[in-house]
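Look for subunit A in each of the two complexes below; its partner is subunit B in the first and subunit C in the second.
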Partner chain A sequence: MANTYVAIQTVTVGSGGSSTIGFTSIPATYTDLHLLLSLRTTGVGSSVGSIGQITFNSTTSGYSLKDVYGQSGGEGSGAFTFATTYIPTGRDDNATQTASTFSNCSVYITNYANTNNKSVFLDAVNESNSATAHSMAFMSALWSNSATINAITITSGDGNYVQYSSATLYGIKNS
Partner chain B sequence: MTRPTKIEVNCTTGEQTIIELTDEEIAQMEIDRAAAEAERTAREAEAEAKAAAKASALAKLAALGLTEDELATL
Partner chain C sequence: MPATYEPISTTTLGTAVNAVNIGSIPSTYTDLRLIYKAINISSQDSVLINFNGDTANNYSSTILGGNGTASGSERRSSVPYIIVTNNYVNLLDGMGIFDFMNYANTTTVKSVLMRSGNAANSVTASSGLWLGTSAITSINLRNGGAFTFGIGSIFTLYGIKAA
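Here is the complex of A and B:
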């Protein structure tokens, strides 16, 4: 059976924390990429979590979004469309939320190695173990750039990513 | 004061490195944090305004004679 879903690399933040997690020299040998994030920051700027930033190839232009966002009983659309220099991670758990909780984010990047503009699907859940407070986000993102994606950077929008925050990059093959 | 760092993994070799941020990267991080704070303030103000408008609307409907059960369906 073909090994079609391969864990390329995992990064786990150490005890010192880190503001950024990066994958470089990504092989162009897969069809799609799947990035799974488990994140918590030291930020305190927002009671509903921090907004992390995903960029490709260290480029901070060409991003656009369509999204649906829900937060603690409220729902809306277009909540993240202000972001044009990065793709948001939704909301990362931060220091205002229950200790030791981590947000989850799944980022699927299609045809990352070809010369078309890049489509991305992202879903994220920010959890606090509160009886009422949580948030979710679904996004389709477009990176209007024809370059092969060879690097992905995840940057905390507020504070550092804490120990045990992690990111795993998977490669998807079609055979 | 400890300088902020980033963790990078080379997906071809598997080598992980921890790198101190440059002055430019730290400056950008501060800009991003300020933007996040501004975004949070705007979002919370919007939510408060929406909640106040809803409460006002419900009070007006109650004054017109709608019951609590009827208001709960809105």
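Here is the complex of A and C:
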């Protein structure tokens, strides 16, 4: 039987850093997409980490979400619901946090190539060797748009993504 | 490289229904993953799971959820279903990712990890347990009330092999 969980592309940030990581010309031949992120930024704006921004097809409208989060010893819901022009990556490790720590985020996108609105589920965590500078969250997001997703952009919310930050996009077929 | 992540079945709804049954699940995989995209669910209620037609009080669940304002958790035990979502969730246009571990063994009871929600109402992470020791051969996903999964909703079951 054919392999149905296929690595489409991996992007790794080079030594100069980059404010964005992107995928273009995503084929419409899969059922779902799974994006795995490992990120660290040069930002210093928040000791808990920077909020990266995921957008589809270079569009900055139509996003909504609900979240549950835990960070700095607290927990709740609504930490990211302000985001309507992008889907947050959770919080990316940044320059205020333990050296060489990279955040992790799993982004599962269902039926990205059909004409329905696109449902997305995210699990995100940024760890550091600190009592307070860490977070985790899970989110259910929606992109209210009927277009096939053919491009994904991850934009740093503070500073640039550092060398070795990476993103891998997988395609999953249901037949 | 051998394929270790394979689609077993896909159900795309041509009519609105309040339950989806995935049967004839082979025992040849290590784990199962169910992905669904639910469209136009008719009203707010819970989503429930049964295995192999067992509707006795052999299930328990723990739910952690949030609605954008508050978070909370809930526990159900010795009930006739695994509850995926409860008051936190209205799956008007949402999705779920369920992982069934070691589903085919005939020695241990079965557990499932679940992620589900939609952006309009809420999101949950939950776990479930079925006290059955049979291999899981069917999964019934249904609502706890009268609502329906709408036309175009898609349910796909994948099998995952450890080797």
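By definition in this document, the second predicted complex is superposed on the first by the 172 of 175 C-alpha atoms of A that agree within 3 Å, B and C clash if a C-alpha of one lies under 4 Å from a C-alpha of the other, contacts with A are read in each partner's own complex, and residues count from 1 in each chain.
Simple rule for what comes next: a contact is a pair of C-beta atoms (placed from the backbone, for glycine too) under 8 Å apart; a residue touches a chain by one contact, two chains touch by 3 or more.
If you're wondering where the values come from, they're calculated on a predicted model, not measured in any experiment.
Student: Clash or fit: subunit B against subunit C, after overlaying the two structures on subunit A?
Tutor: On the superposed model, which is not a single observed complex, subunit B and subunit C fit side by side.
Student: A:Y108 contacts which: subunit B (first), subunit C (second), both, neither?
Tutor: second
Student: By the touch definition at the top of the document, which applies to A:G16: first (subunit B), second (subunit C), both, or neither?
Tutor: A:G16 sits against subunit B, while subunit C stays out of touch.
Student: Taking the superposition as given, does A:Q163 touch the first partner, subunit B, the second, subunit C, both, or neither?
Tutor: The answer is neither, since A:Q163 touches no partner chain.
Student: Let me test your reading of the model: by the given contact rule, A:S46 touches which partner, first (subunit B), second (subunit C), both or neither?
Tutor: After superposing on A, A:S46 lies in contact with subunit B but is clear of subunit C.
Student: Touching A:T4 in the superposition: subunit B (first), subunit C (second), both, neither?
Tutor: In the superposition, A:T4 touches subunit C alone.
Student: Mind checking the angle subunit B, subunit A, subunit C on Cα centres after superposing, to the nearest 10 degrees?
Tutor: Apex at subunit A; the opening toward subunit B and subunit C is 110 degrees.
Student: Is A:T59 contacted by the first partner subunit B, the second partner subunit C, both or neither?
Tutor: neither
Student: Once you lay one complex on the other using chain A, what is the shortest C-alpha distance from subunit B to subunit C, in Å?
Tutor: 14
Student: Would you mind writing out the residues of subunit A in touch with subunit C in their complex?
Tutor: By the definition above, subunit A touches subunit C via 1-5, 31-32, 64-69, 75-78, 81, 108, 110-111, 116-117, 119-121, 123, 138-142, 172-175.
Student: Within their complex, state which residues of subunit B touch subunit A.
Tutor: Contacts found on subunit B: 2, 4-14, 16, 18, 21, 29, 32-33, 36-37, 39-40, 43, 47, 50.
Student: Show me the residue ranges of subunit C that touch subunit A in the complex, using the header's touch definition.
Tutor: So the residues of subunit C touching subunit A come out as 1, 3-7, 10, 35-37, 39, 64-71, 93-95, 97, 115-125, 152, 154, 156, 158.
Student: Tell me, which parts of subunit A touch subunit B in their complex?
Tutor: 8-9, 11, 13-14, 16-27, 43, 45-46, 48, 50-51, 53, 74, 79, 82, 155, 157-160, 169
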